[in-house]
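The following pair of complexes shares a single chain, subunit A, combined with subunit B in the former and subunit C in the latter.
== the complex of A and B ==
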């Protein structure tokens, strides 16, 4: 072992005494930091910008039209959703067209008051995802598929018994099917129960960075509204939860302009759309715009994530790959490889020592740079008025360590290419093309599906380790790399790069042992 | 270049010896003849380097291959949902340019790797002449490959995704792509002459090309995104491929190609200054 330590020491001496290599590594760290702290974004969001926080700690969107009554203790509410229509924004032009957003929601909800972010359970029909039972923003359970049409209405029933909320659905109001049961621990004895309608930001696009989201509107016709249990004698109240602050604005008046980057509940529907409720015989017609869901960053969501501060990783990667390839090809170029192999005849040991020095140094440089960016960067972006989604310390740690590991393993991949090809140019090109180009194509020209496929199988998959916020199936969004979302789980994506580098180094070691030099 | 530098030097040597032989007075100093000699020498070096032919094939293969894959995978081909069939078919240029960069970098960086640059400078003392000759022969190697690659990619793309745009626009996109690839070759020649290390030069060129779109796509601020797209040699230059939504481009097709040309000119200028000022 001390023999190996000596070889590592020799390799370290070689590495640190080549001025270009250490300079290249420091330049890698410098570009990551500079791009991270570069005030390249501006927003209109000041200190007051914040999102409501859900019962499980995550930030949530909680904006909907709520027709409610207090329910003291146990009880149930039943309604028929007779119709569901909506308006979608024309993303390629202006104005709206009829249509419901896939995750437009209309149904019954039991909620701890009307404060944003409070605990709730809701059964609903959706635009394109059938009946769902959702609670506490992040949980989603599917009922039967199918959308509501005039010929196929849907009956919904929500029953509260203590902490347990049960949801039922029916097509005719007599034969009921269970959707599921959820337990709401924080639900007080008296909860607000009633009808709700909301419709999320509508997004469209196929991987182009320019695609954006715009608000949509949903309108549901409810009838056959019946209740059982100890309901307060008060009549139904309409409220736009998380609605515009100017509450005395007349219903249907001009809504404030939607500002895509501003978080909070003030995301009003596009001009010309109206939210609110109107009593109709034994029911209501309710229109809503917003969402009851976890908050997601990106074109359809709000603000940005700390992944965005690490965009300089690409620039750093180029430096690291050049140095990684040249630690090997430089020896071939100068003929030093013959001396090296005379001193350390065991090829595997020589390669392992080189990989150890290169990997460890790159990891250290990457971790330091990423740590600086993740610590300081978000503050600068917030100072520029852009909302940054907070992440847990564990996630920050994963992103920092992951960035270091990503750079280190990419350098090792370049080292393997260097051993195999013995030419710096070819090794550098191959390493950059393998890591950067798939990401670039996925982000700019490829359709989402093809781009996702590339980011699953190529070394570029490792950028998943920088994903800061999770992706939710029940929230429509542009889950693209440009918005900081990747098709693979963070460490799974990193494992793809690891597998490439491992295979590359194994093959390199095999070829290295069998070749003359 | 590491493979057999000696044999290449041998191929060059007779020419320099020839130069030492007595010549008819008045002809030796003739500038056009000298320029042609430089060109012939550089062309011989590029032609006989074993990797050149593979790189030329690689330019065609990368450009056509990626273009086909992208064209076959486009779910939406109309301008209404943001699609640009012509541009999609020419996507391969984004990978083909990497091969162009390698070819161009090796044409000059390879000499620094093997030390042949000393022989070259001894035989051909005019440094800007060498640079000009290298630029010309790299263009001569890249241009035919680019013409073949872009033509095949454009025809195949048009077959897979029939575009509803006039032929003249498609010809502009294809012709512009050829010019673009040549400009990237010139940019790479300039960078390689400044950096003097082939591997580092390829890193610099690919970083210049690919960083701008990556940064632009990640920039949440639209103004910055637009400026980055206007400034990058790749993002600006490839605007020439757009055939739909021209009014929404961050930079016009020809203006964009002009930006790429400016990058190439700047790189060559820096190279000329560096070559004149430095020892080797």
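== the complex of A and C ==
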């Protein structure tokens, strides 16, 4: 056996023969599993609660008012958006007030039929994000900024040529600017093309983790509607895609959804008789509520994600950093470190072996615990009536491995603190302050911006590995840690922890090699 | 085996080692003796590579300890018998040490048996008495079957039975040809055990000598003589006439130095001076040691003044 393997073997024997340490690690796993398998969430979602799936596999929201005609082969449609108004819910009471949701959308769309989740491309004006070209739910490209007003209408044109859809915009109907071109591979020869209006769930975060949301409504005045190409029949059909099951629920009817009380299947376009379309001279006035966008979990969207099953990670982390620090400070406390270094005088080897055993064991424990809750937990949450967004196996694997790695690297950071401080209480306190406390603060009492800052710079940034669904700029949502969204990309957040642990261990090794014991 | 050469070490303003130099030979127990603060423990930590000296070298088997790949197979050591994880069993404590040297678990059972600990091997070491911890420490030191052993104050806190066991054990280890270095601040503990002593004071070696030589230099013939009150002056007179120095300790008792007991008897008899009792006083190791370290003992004046308050 090589020298290092021998020392790793010794450190493993050392680790497993202290009951408190193995018990601490098992307690970490147990607390993660208990949090995951006995969630407090309750909802009203049953088996019928599911979302349409977009062409790229993700779940989508596809609810809008559609004034359409079939277009056979190539062709184009041009329209002027003369006005765009809307109604927003009063989240603190009932009723509505005038106003346009930032991501309210009105414009032209070419779509594979009227089935929810089908492929599409759309050019639109928005409440607060200017002109956009979007396709297949997750893709979003900006055109020119500015909202539609009576004095500043906007012209839009959508052209289909084979699989290619081109979007143009204009302020006067003569000078056109390209917004972009997209390719829709699955678009059939005859597509449904026309006008659409929709307006998403309006959400306000209040306080820190709390949030309330309710449907909003947008109404757009379209005129100067012209087409080229082979359109049939001659009349336009109005359809509420994603409706009409919600007709008995007028805007402002359902109470605002508060965080903690999961919206479950209650997300629905508001609407009732106020959505729809009315023909005017050379156009339509269209009202819509809903969204054409990727589905987002959390208080602003529907249900929750598998991240929710891992909420116990922070509690497990407490156990893990305590054990991580104590494996070192326990030796200092009783002078056992002298015996250890008499047996393994090369200190770099001694520290590396200890770190290897601690890291590997913690990783294994974390992976097992995370795998259990990620596998079993969602079913339990669904059983409680809360919708859980499915994720790809790759994401599941990343979350499970990432949780193990998060715990393991945090344990190593605690080990480094143990080497540097040599005192159990001090090292454990520092490790908890560095890893668990920022997470808890960001999840609970801190304002979103301060919490996001903590989750970028502290070792707790690594919790980002547990984010299950991506954050979309083009979807209004409560992208807060409490809703399962973190400020950094998963591996970027993990890299922050890795950098802390790496720096800590390097400094610890430097001091450890030079210090008398 | 163990060679220490010119070690110097300062802790802040305190000089712990000031040119400590000695060698430990195989086949005998070498006592490493000196008052507290003489630098014994620091020397041992330097030998084990735990403390880095400011100057000088310490070699084990001809190499610095830190460069040994399986150090416990070259030098077994026991610095602090209390240095144990309390929840770990005695056997597991030895097992991780064995694994660190690539030794099998079988070796653990061998040393446990030799230390007489096989019945308590699976008990948590935290519940051990000090004597049992010392035995466990010895067992740990013997794991690698090393040719050299180094023990720091192994008699501290041991009961008489344990001390007897320890002495016999140390003699056995030396008889097996090992070099055994044993520190103590009480010379008497090494009586009948050490064949050689290194006496340290103020961070350096005061004496490095065989036990027999040490005793013979220190025991330079002291004879106690009791006579009747009437003849005490006569006795003092004739003995001083023969070149001895004589002090009167109390009424009727003389302490004679400079003449062996047989000569004293002969002189008194030939001069017809009566005496009641004569005894030749052999110096103890402790006395010899105190004589040598009288100057080297630190803090004596301080301790004295504290005692007088």
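Basically, the second predicted complex is superposed on the first by the 483 of 517 C-alpha atoms of A that agree within 3 Å, B and C clash if a C-alpha of one lies under 4 Å from a C-alpha of the other, contacts with A are read in each partner's own complex, and residues count from 1 in each chain.
Here is the rule we go by: a contact is a pair of C-beta atoms (placed from the backbone, for glycine too) under 8 Å apart; a residue touches a chain by one contact, two chains touch by 3 or more.
Since the structure is predicted, the reported quantities are computational estimates derived from the model, not experimental observations.
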- Query: Do subunit B and subunit C fit side by side on subunit A after the overlay, or clash?
  - Reply: fit
- Message: Under the stated touch criterion, which partner chain does A:7 make contact with: subunit B (first), subunit C (second), both, or neither?
- Response: second
- Message: Quick one: is A:427 in contact with subunit B, with subunit C, with both, or with neither? Answer first, second, both or neither.
- Response: first
- Note on the structure: Reported in degrees to the nearest 10, the CA-centre angle with subunit A in the middle and subunit B, subunit C at the ends is 40
- Task: In the three-chain superposition, say which chain, subunit B or subunit C, touches more residues of subunit A.
- Result: B
- Task: Kindly classify A:319 by the partners it touches after superposition: subunit B alone (first), subunit C alone (second), both, or neither?
- Result: first
- Message: Quick check on the superposed pair: does A:20 touch subunit B, subunit C, both, or neither? Answer first, second, both or neither.
- Response: both
- Message: If we overlay the two complexes on their shared chain A, which of subunit B and subunit C does A:346 touch? Say first, second, both or neither.
- Response: second
- So, does A:97 touch the first partner subunit B, the second partner subunit C, both, or neither? neither
- Task: Please work out whether A:144 is in contact with subunit B alone, subunit C alone, both, or neither, and reply first, second, both or neither.
- Result: neither
- Message: Looking at A:440, would you say it contacts subunit B, subunit C, both, or neither? Reply first, second, both or neither.
- Response: first
- Regarding the shared-chain residue A:513, is it in contact with subunit B (first), subunit C (second), both, or neither? neither
- Query: For the overlay built on chain A, what is the smallest gap between any CA atom of subunit B and any CA atom of subunit C, in Å?
  - Reply: 12
- What residues on subunit A does subunit C touch that subunit B touches too? 20
- What part of subunit B is in contact with subunit A in the complex they form? 2, 66, 69-70, 73-76, 80-83, 87-88, 91, 94-95, 98-99, 101-102, 105-106, 109-110, 113, 197-203, 206-207, 210-211, 213-221, 223-225
- The subunit A residues in contact with subunit B across the complex are 20, 24, 35, 40-43, 92, 204-206, 208-211, 261, 304, 308, 311, 314-315, 318-319, 321-322, 325-326, 329, 332-333, 386, 422-429, 432-433, 436-437, 439-441, 443-447, 449-450, 481-482
- Within their complex, subunit A touches subunit C through residues 1, 3, 6-7, 9-11, 13-14, 17-20, 330-331, 334-336, 338-339, 341-346, 514, 516-517
- Message: Considering only the defined contacts, which subunit C positions touch subunit A in the complex?
- Response: 45, 48-52, 65-69, 71-72, 77, 79-80, 82-89, 92-93, 95-97, 99-102, 140
